[in-house]
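Below: the structure, in structure tokens.
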Amino acid sequence: MSTWKIDCIGKSPRLRNPILIEGLPGIGNVGKVAVDFLIDELKAEKMYEITSPTFPHSVFVNEDNLVELPRIDVFYKKLGGNNRDLILLGGDVQPVDAVSSYEFSEKVLDIAEQFKGKEIITLGGIGLSEEPKKPRVYCTGNTRAIIQKYKNKMVNNQLYGVVGPIVGVSGLLIGLAGKRKIDAISFLAETYGHPMYLGIKGAIEILRVLNKELKLNIDVKRLHKEIKDIESDILGKTEQINEVPRQTTLNKLKSRFGEDVDYIG
Amino acid sequence: MSTWKIDCIGKSPRLRNPILIEGLPGIGNVGKVAVDFLIDELKAEKMYEITSPTFPHSVFVNEDNLVELPRIDVFYKKLGGNNRDLILLGGDVQPVDAVSSYEFSEKVLDIAEQFKGKEIITLGGIGLSEEPKKPRVYCTGNTRAIIQKYKNKMVNNQLYGVVGPIVGVSGLLIGLAGKRKIDAISFLAETYGHPMYLGIKGAIEILRVLNKELKLNIDVKRLHKEIKDIESDILGKTEQINEVPRQTTLNKLKSRFGEDVDYIG
Amino acid sequence: MSTWKIDCIGKSPRLRNPILIEGLPGIGNVGKVAVDFLIDELKAEKMYEITSPTFPHSVFVNEDNLVELPRIDVFYKKLGGNNRDLILLGGDVQPVDAVSSYEFSEKVLDIAEQFKGKEIITLGGIGLSEEPKKPRVYCTGNTRAIIQKYKNKMVNNQLYGVVGPIVGVSGLLIGLAGKRKIDAISFLAETYGHPMYLGIKGAIEILRVLNKELKLNIDVKRLHKEIKDIESDILGKTEQINEVPRQTTLNKLKSRFGEDVDYIG
Amino acid sequence: MSTWKIDCIGKSPRLRNPILIEGLPGIGNVGKVAVDFLIDELKAEKMYEITSPTFPHSVFVNEDNLVELPRIDVFYKKLGGNNRDLILLGGDVQPVDAVSSYEFSEKVLDIAEQFKGKEIITLGGIGLSEEPKKPRVYCTGNTRAIIQKYKNKMVNNQLYGVVGPIVGVSGLLIGLAGKRKIDAISFLAETYGHPMYLGIKGAIEILRVLNKELKLNIDVKRLHKEIKDIESDILGKTEQINEVPRQTTLNKLKSRFGEDVDYIG
């Protein structure tokens, strides 16, 4: 039984100098929330579904009361004009052990290279002991050049001493990309470090950075307003959240965001 | 040393469009109790014994004071007439780690396909914080078609938001069957989520559903009465239960149910 | 790097219908203490040293202040006359995970079969919540025949319901031997289930059984007396024991028993 | 994906009868601190960078705000004259599981043998419940000869009963070297067994031993003085240390020691 099962969905696209953006479950789920929003907003198209025995040995029940294996999906979006295209990596889980986490990250870099992708952006959270009012966004990367490129007033690049090790795929992709001479940067937003917390505010701050730098033309203000509504909904149902798994909460969020995209539930 | 040792017991049967029913140890042991009862009541015949180094590295002492390796067994039952035959999967354990759980589930699907089985039913429990008076049975599956097929007044198919991930073989079989285009459904009965608890009531509710849907002609009432006797026995000996492993308690139950079938001890 | 490194010590002996006796660290270290005593008393000769990356990744400092890898050793003893010869398996450790424990047990059975060994005896402890005055010895095995053979007034064969699963090599050897049609029995002595406790009394009771059944001509009384002295030594130094690892305590015991055999330190 | 990625840095040197000295993170980080100091002081040159999926699946942010994979590096130093050359092994991490720890140790011995290295020195700490005023240095090894060679007034070779098992690469290298007939010794200095503690005093005591025995001509007094300054700095910022990962603290130490050597951050 092979470790990584990668199913192709539709025809392989031709992409223009693409940037790969990763956001998987992690601290405050900041990266996952941000990438899931991007996939929705940009109406990105799915090209791969990845399942693996190194993912948790459990299944989710989705909104249609159907069972789904834990899965990581790869989407793409052609932005048109002179813009670089996007490869978007989102999903339900991360590989559970260290060796699989390295292996998976190498697979992701293989996918980037297959499309001649020469830049990686990973998204994640920095867990604080309480909810930040206005989360700051930090960045780190594998070359001075890429940090210089994305440095702006919205992003703080003095991360040294602020965080400990960056754990999981978001960190490994940066490190392993360096060995392949692929520039890679990580945007990390402050968030509340509680396992049930959805770092929506942090995700928005990251989206604002990406929107500006990658010229995505997302209406972040609208996003901001809608999320505020959802948040107050959620905060009013705290007990319920604690009983229902995070997966469900994410689906609720998503069903609120318009098109019922079939990539999580 | 190969991961899965599958010993054939007797000649391989010819089965008619069989349904594979799985019930292994899990929450409240609901699935295991239900399948063990089915094997007894239907006088099913064993066709495979599966042992594996991915099972716990320990052995059980059975009622004959003999040692047994942890084992998962596959039985079959020809129901005759126009009925579809059954493949029944029961045992002492589940594989201990995620990768083995995936691998084992694929092996089980291989067995189903080898007999041209086109339907899987997995049985399990939903752990509540106290013992339910009248456990409800829920279902979920990998296609709308199979849920529609088994939908009836006894089964609730609104599982979304009720449970978190379905962990282990009962969940993976449904998810992985979907990748092979095999319809699969899971019946999950409410039970008390305590590790020493035997979810007999939940198992009975599931057996009633299976009895009706699969026309098994099991005398569920008799089952119900006998179990009530056993239960009061057990409840009167709570302390003793806590000292003796669950394995023993199950054997006690079984020896009460008539023929001494040699599939657990 | 191969999983099991088996170094031969000296020439391979010719053994007469040998019985393999296993005693590794476990509950109360009963099995280890008993086999280590047998190796000393019988002046058994070492034939294999087994090291493995599945053993703990640490080394011991022995009485000569030299480092030793964790090791499992195989000794043999020709008993002469009409007696069956012995293969004795003792050591510092057990494999740490389930898969390695299965693999190691198969290796041990390979060794037994290589010498046409047709009988396995494993030794272990049954952990009680306090120290037993006069430990009872129980047995279980993989055939009625071998239990019948060793049944006597000193051994209780009603183990069912007394213990839970028998964990580790002592249990697996019995179960896996059954698959090879090798008769195997386990003698388990009651002991105090504390990790620092040395189940010497339990080991003595097992040695009395083996002495009688296998006609070993060990002076158990002398053993008994010497051990009593050591025990009172140890009990007078309880605090010291808690600071010094168990390994050291075992070495102390051993240096007391005469010849400085080079099999542990 | 291969388990060990060994990147060569520059040309392979010719070394004169080299001694390999290992110091990786461990109790009090004594070994790591000592070897890192040696690499700095001797201006040793890097020859290998080792990364592996068996290292923790996380990355560090260094002083330049760039990401680095966890790494173990191999340096060499030609001491000139009649002195034996040195191979120095230092790094951020140890392999996380037992099997990888054995495998990595064998790889290190392969490197030693490739340069015809016939002696191994490993460095580590003995964790005490409080900070020792004047840490003692103990030694153990795999032959009486090497202990005799390094025995002097500064080193206590009565380690038996003082420590339990020596865990990790420092211990395994000694044990596994024995199987290859390579003499190996371990110097262990007393230190405070707290995970955030940097065993600088212990490291200094070990450096004094190495300085004398290997004629390294290090100015230990200067080292001693500089470290005292740093230590008082650190002790004045205890709370800060607890928030910032140990990695950072080590880098602080290092940036204090002159040349910005590119081996950790």
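The letters A, B, C and D name the chains in turn, as written, and every chain counts its residues from 1.
To be clear about the criterion, a residue touches a chain if its C-beta (ideal position, glycine included) is under 8 Å from a C-beta of that chain, and two chains touch if they have at least 3 such contacts.
Quick caveat: nothing in here was measured; it's all calculated off a predicted structure.
Path length between chain A and chain C in the touching-chain graph (shortest route): 2. At the interface between chain A and chain D, two copies of one sequence, fewer than half of the residue numbers in use appear on both sides, so the contact is built from largely different positions. Rotation angle, chain C onto chain D, C-alpha superposition: 90 degrees, expressed as a multiple of 5.
Rounded to a whole number, the gap between the C-alpha centres of chain A and chain B is 38 angstrom.
Touching two or more other chains at once is no residue of chain C.
Taken as a contact graph, the chains are arranged in a single closed ring, with each chain touching exactly two others. Per the contact rule defined earlier, chains pair up in contact as A-B, A-D, B-C, C-D. Residue ranges on chain D touching chain A, taken from their complex, read 1, 5, 51, 53-70, 96, 244-245, 247-248.
Chain A meets chain D in the complex at residues 97-99, 101-103, 106, 140-144, 147, 157-168, 171-172, 174-176, 178-179, 184, 186.
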